[in-house]
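There are two complexes below, and they share chain A, which is joined by chain B in the first and by chain C in the second.
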Partner chain A sequence: MGNGNTEQRRRERLDRGIKVRSDGLYALMSWRELAYLIVPRLVLIVGLLVLPLVMPGAYWQRVITIVCIYALLALSFDFLAHYLGLVCLGGAFFVGVGGYIAAMFNSSLSLPPLLTVPVATILGAVICTLLLLPCLPLRGVYFAIVTLMYPLVLARIIEALDIFGGTDGIMGVDSFANQWLEQYAVISLVLLFLFGTRRLVNVDLGLVFRAVKDNDQAVRASGMNISFYKAIAVFVASAMGCLGGACLVHIYMWAGISLFALDFSILPIAATVIGGAGTLVGPVLGCIILVPISELLREFGTLRIVFYSLILVGFVVFRSEGLMVYGERKYHQFQRWVKV
Partner chain B sequence: MDILIYGTINSIALALMALGFALVYGISRVPNFAHGAIYVLSGFITWTLLNSFGVPYALSILITMVLIGILGAVLYQFVLIRVRGMAISEIIASYAIGLAILEGLRWGGFKGMSYTLPVFIEGSVIVVGIPVDYQRMVVVGLGILIVVVLWAFTHFTRIGLALRGMAQDERAALMLGIDSDIMALVSMAIGAMLAGLAGAVLLPLGNIVVESGYNVLILAIAVCIVGGLGSWVGAVLAAFLIGFAQILTVVYLGSHYQMVVALLAIILTLILRPSGLFGMQKELEERV
Partner chain C sequence: MSEQPILEAREVTKAFGGILALNRVSFDVFPGEILGIIGPNGSGKTTLVNCITSFVKLTSGTIRFKGTDITRKPAHKIADMGITRTFQIMRPYYSLPAYKNLVIPLFSPRAKRTGGWRGGGKLGDRNTVGIDILEEIGFERDSYVPYKMASALPTGYLKRLELARCLALKPELILCDEVFSGLSMSEIASMVPLIERLQMDGITLIMIEHRLRELFRVANRVMVLNFGEKLVEGTPDEVMADKSVKEAYFGSEEVEEVMTYA
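== the complex of A and B ==
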C-alpha cells in the first residue's frame, strides 16, 4: 500500500436508498419498502415454523427442539453480555436450576409439564437472581469468573449432600403430551423471547441497560441504582435459561447433574460469537448452524467440544463481528471502491 | 499438628498452582483461563516422554518445561495478542483454548486411573511426629525456591525489571523503550512454565486426570482473587489462607466441601473487599 505511484483506493460503504426510505414512518406508504422490512423477519419466523415439518424422522425433529433450547440460552447470554456488559460464563447454572425445579415439581407434586415449565421459569429466575445478587456490583473478568464457578459448585453441593436425587438425578419426569406440542411450544417460545428482547432493549428500560454497559458511573450519577437494573436484566436472562432447562428436563424425562455440564455454558457462547454478538438474532442463527453440526459429531465424543472451542477461538480472534452483522451490512449497504 | 503441617503443604501447593496465573495477569493483564489445561497438559507430556519414548525422568520434565513455555508463547503470539485489552474476548478465547486442550486430551484417550507419574524420591520422613513423604517435602522446597527465584528475577535481572515496569504502568514502560508485546510474550511463557512446573511436582501425588485442569483453574483464580489480582505477595498469602481453610474443612466437614471453600472465598472476597487483600487496582474503576 505504501508505494506512491499506484493510485490508492479504499472501500466506501453507503446505505442503500431503500434502507434510508424505510427507516421512518414512510415505509408504510409503499409495498416495496414494507417488504424490505418484513421479508427478513418473515423468513426467520416461517422458516422456524416450517422446520419441524420438513425434518426427516423423529431424531432430527428432536434436534430442532434442542436447537431451540440452546437458542434460548444463547439469547440470554447475548442479552446479558452485550446489553448489560455482564459476561455470564455459567449458562449451565440457569439450566440446572430451572431443570431441577421443573423435575421436582413434576415428580413430587405430579404437576403436568404445562404447569411446571412456567413455575420453574419464574421461580428459577427468582432463585438465580437472588443467588447472583451479591455478584452484581462486579463486572468484566470478575463477573465472568464468579458465574463460571456457580454451576460447578452447585453440582458439587448436590453430589456432596446427596440431595435432589444425588448423582442418580431425578428419574421418571413426564414428557410433553406429544412431539408436535413439544416442538411448537419451544419454537414459539424462542420467537417470543427473541422479538421480546429485541423490543426490550429499545424501550426506556433497555436504554438504561445499554447505558449501564457503556458507562455505569454516568448512570449512577443520574441517580439510578445500577444493581437494581442489573438485577432486572439478570432476572430476564435467567428466566430464559431456566425455561430452557425446564423444557430440556421434560424432553429427556430426566434431571441430573449433567444439567450443570459445560455444554450448556460453552455452546451458547460459541453460537453468539459465530452468529453475531449483540444482534439477538445472531445467537439463534448460530444455534441453528452449530447444534446440528454438534449432533453430527456426536459419535466423536468429546471431540465436538474441541471442535466448537476451536471455531470459537477462530471467530473471536479473526472474525469477531459474526455472521449476522456481516449479513445485515450486506443487506443494508452497498460498497464500492473510491480513489483516495 | 497434623493440620499445621498438611495445611502448610497444601498452601504451598496452591501457591504453586496460582503463581503462573498471577504472574501473567499481573504483567500483561491477560486472564489466562487456559492455565489449568496447561497444568494437566504438562503432566501428560511428561508421562508420554517417560513411558512412550523412554526419556529419563529429569530430562523429560526439562523437555516438558521447554515445550510448555513455547506453547505459552505461541498462544500469546498467535491468538491472545489479537484480543488483548478486550476483556470479554480474552476470557472467551483463552477459556476456549483451555477447553480444547482438556477435551482433546480426553478424546485422545488420556483418561482413567492408569496415568501416574513416579514420585521423585521414594519414602517419607518424620516431621515433628507426623510422617510426610519426600514428594511433599519437594513441593514445599520447590515452592519456596520458586518464590525466591521469582523475587530475585524480578528485582535483579533486566527482563525481570522490565516485566515489573510493565506491571506497574504499561504506557510509562513503553515510553522507556520496553516492548510491551515482547514482555507480555515472555510473561506468558514464564506463566505457562510455572503451570507446567507445578504440574510436574504436584501430579506425582495422585493420578493425572483431565478434570483436575478445571479444579486447578478454579483454585488458581480463587487464590488470585482473594490475594488481589496482579499482586504476587497477596497470592502467596491468600494461598495460605485458602490452604488452611481447605484442610480445616476436610478435617471437620468432609472432602466434598473443598471446592465449595474456594468458591465461598471468591464470593466473600468480591463482596467484602473487591480488590482482594493486596489488590493494586482502584476498586471503583476496575471492579465495581
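== the complex of A and C ==
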C-alpha cells in the first residue's frame, strides 16, 4: 500500500491508453508477447505450405487444391456476412462467372492461365458487382434469396440459349504448367486473401464496412453512401469467388454449367459455421476439415449426405460458436495460466 | 433575426397511409439559434426530423437549406451538406470501441473536405482525432471509457457519442432528437453547458425535447406541434403562456394547477 502503489496505479492508468492506441506495437515489448502473436499464424502458414508434401498420392494433393478453392469461397462468404451484414448465397454465381470468363479467354484468345486467372478475377468481379448492384439496398434474408437465384438463372440462360458451349460446356481449357505450381499458386492465394481481408477489416475502410453491418442508418447520417461501400465490399468478395472459379476451370480443364452448382454456395456456409463465423480464419479451417471428409465419405455413395448432415448438426448443437472462436478462447486462457 | 434563414420548411406534409403525421408545417431556422420543438407523444416531432434529413420522403412541401432545395436529396447528401442528426434511440456501432465509432464519420467525404478538428489542423490519424472529439464532448481521455466497446457504455455516454458523431462532420445544423431523455439529473446538468457551447461555436441546433425545463433554458425559440400541425411558435415565455399549448399537453380543464409546477 501507500505511495508506491498509487504511483504504480497512476502509471498503469496512463499506460492503458497508450496500449490501446498502439495496438500491436505493444507486443514488441517482450519475446513472450511476440511469440504469443506469431506462433498461431506461423502454424497456419507452415501447415498449409507443408500439406501438399505430406499428402499420399496425386488424388489427395488434388483434394488440397479443391480445399483451397472452397476456402476462398468461404472467406468471401464470411467477409460479406460478418463484416458487411450481407448474407450472400451467390458463391456459385461468382465461381461460374469467373470460371466461364477464364475458359473463354483461354480457349478463344488462347491466353495462358497466368493471364486468364487475373483477368477473370478482375473482370468477373466487375460483372458480378454490376449484376448485384440493384440488390444492394436489400438486407439479411432478402439479399440471400436474391443471390441464391443468380447462379440458377445464369445456368438456365446458358442452357436455354445454348451460348458458351451450352450444356457441353467449354472443353480443352489449358491446365497449369505443373501440379506443384497449381497447388502452391492456390495455397498462396488463400493465404494472401486471408491476411489481406483480415487487414482490410481493421483499416478505416473496413471499419466503415463493419459500421454498415452494425447500423447502416447511422452511416447514412454520417454523410456516406452505403450502397457505394457495399459495392466495394461485394467487389472484393466476388473477386475472391471469381478467382476460385478461374483456378477451378484450369484445374478441371473444363468449364460447364456445373460451375453454377449450389455446392459452391452451400459448402462455404457449412465451413463457416464449423470454423467459426466472423473470424475469417475459421472458414478456411472449416474447409480443411469439411472437404476431405466429404471425399472420404464418397464410398458411401448417397449415404454421404447423411453422415455429412450429422457432422453439421453435431457442430451446430455442441460447438455453435465454431472451432476457431472456441480455440481462440482456450488459447487466451492458456496464456493467462499462472503457476501457483 | 432579420437575416436569411439557414433552414426554411414550407408546407411540409407527410402521410403514412391515411394518417397525416405532419400537416402543412412551415417554419424557419435562423443561423446560430436554438429552435426547440415540443409536443405531446405522436405529434410528429421525430417524423419532422426524419423528413428534414430525408430518412423518410415527404409527401409534399419543400425544405430549403441556405437557399438550396434539399427536399428530394438522399440522406447521405444532406448530411454531406452539413445537416446532421442524432437518433432518439441511440445508434452507435456496438461492435466497435467508442473512439473507433468516430473513425466512420471522420472517413466521410465531408470530414475529409472540412479537414481537421476545431482550428483546421491536418486530419491525421483518425483515431487520435476521434479521441479529441470524445474528450470535447465529455469522455475522460485518460480513462478506459473512450476505448470501451460501445455496447458496454451507459446511456449517458451513448447520448454523447451520438452528438460526437455529428460533431465529427463539422456540421452547420444539428437536429437533436431527445438528447436529454433517459439521462439522470446530474447528466442533464452537464449536458446543458455542452449544448450552449455548441451554440457559441456557431452551430445552429434544432432540439426535440420532452424535458421542457432544460429546453426552455437553452432554446431561443420554441415551436409546438400537436397532431402533426404547428400550434404556436415563439420565445419560451410566449409559448409557456399560450393557452392552446396547455390544452394540448394537459387537456382543457385544471390547467392552472398543473402548470404551476413547470
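Please note the rule applied: the second predicted complex is superposed on the first by the 287 of 340 C-alpha atoms of A that agree within 3 Å, B and C clash if a C-alpha of one lies under 4 Å from a C-alpha of the other, contacts with A are read in each partner's own complex, and residues count from 1 in each chain.
The rule is short, and it goes like this: contacts are C-beta pairs under 8 Å (C-beta built on N, C-alpha and C of every residue); 3 or more make two chains touch, one makes a residue touch a chain.
Fair warning: this is a prediction, and the values are worked out from it, not measured in the lab.
Student: Applying the document's definition of touching, compare chain B and chain C: which contacts more of chain A?
Tutor: Between chain B and chain C, B touches the greater number of residues in chain A.
Student: Identify the partner contact of A:P134: answer first if only chain B is touched, second if only chain C is, both if each is, neither if none is.
Tutor: first
Student: For A:L189, using the defined touch cut-off, is the partner it touches chain B, chain C, both, or neither? Pick first, second, both or neither.
Tutor: A:L189 contacts neither chain B nor chain C.
Student: Looking at the overlay, does A:S222 come into contact with chain B only (first), chain C only (second), both, or neither?
Tutor: In the superposed model, A:S222 contacts chain C only, not chain B.
Student: First (chain B), second (chain C), both or neither: which does A:A271 touch?
Tutor: neither
Student: After lining up the shared chain so the two structures overlap, which partner does A:R210 touch, if you call chain B first and chain C second: first, second, both or neither?
Tutor: In the superposition, A:R210 contacts chain C only.
Student: Touching chain B and also chain C: which chain A residues?
Tutor: Dual-contact residues (chain A): 217.
Student: If we count contacts the way the header does, which residues on chain B are in touch with chain A in the complex?
Tutor: Touching chain A: residues 31, 79, 82-83, 87-89, 91-93, 95-97, 99-100, 103-104, 106-107, 214, 218, 221, 225, 229, 254, 256-257, 259-260, 262-263, 266-267, 270-271, 274, 284, 286-288 of chain B.
Student: Note which residues of chain C are touching chain A in the complex, please.
Tutor: By the definition above, chain C touches chain A via 53, 55, 74-77, 79-80, 84-85, 87, 91-97, 100-101, 103-105, 107-111, 126-128, 131, 141-144, 147, 165, 168-169.
Student: Quick one: in the complex, what on chain A touches chain B?
Tutor: 81, 87, 89, 134-135, 137-142, 144-146, 148-150, 152-153, 156-157, 159-160, 217, 262, 266, 269-270, 273, 300-303, 305-306, 309-310, 312-313, 316-318, 320
Student: Note which residues of chain A are touching chain C in the complex, please.
Tutor: Within the complex, chain A touches chain C at residues 13-14, 16-17, 20-21, 204-205, 207-208, 210-211, 213-215, 217-226.
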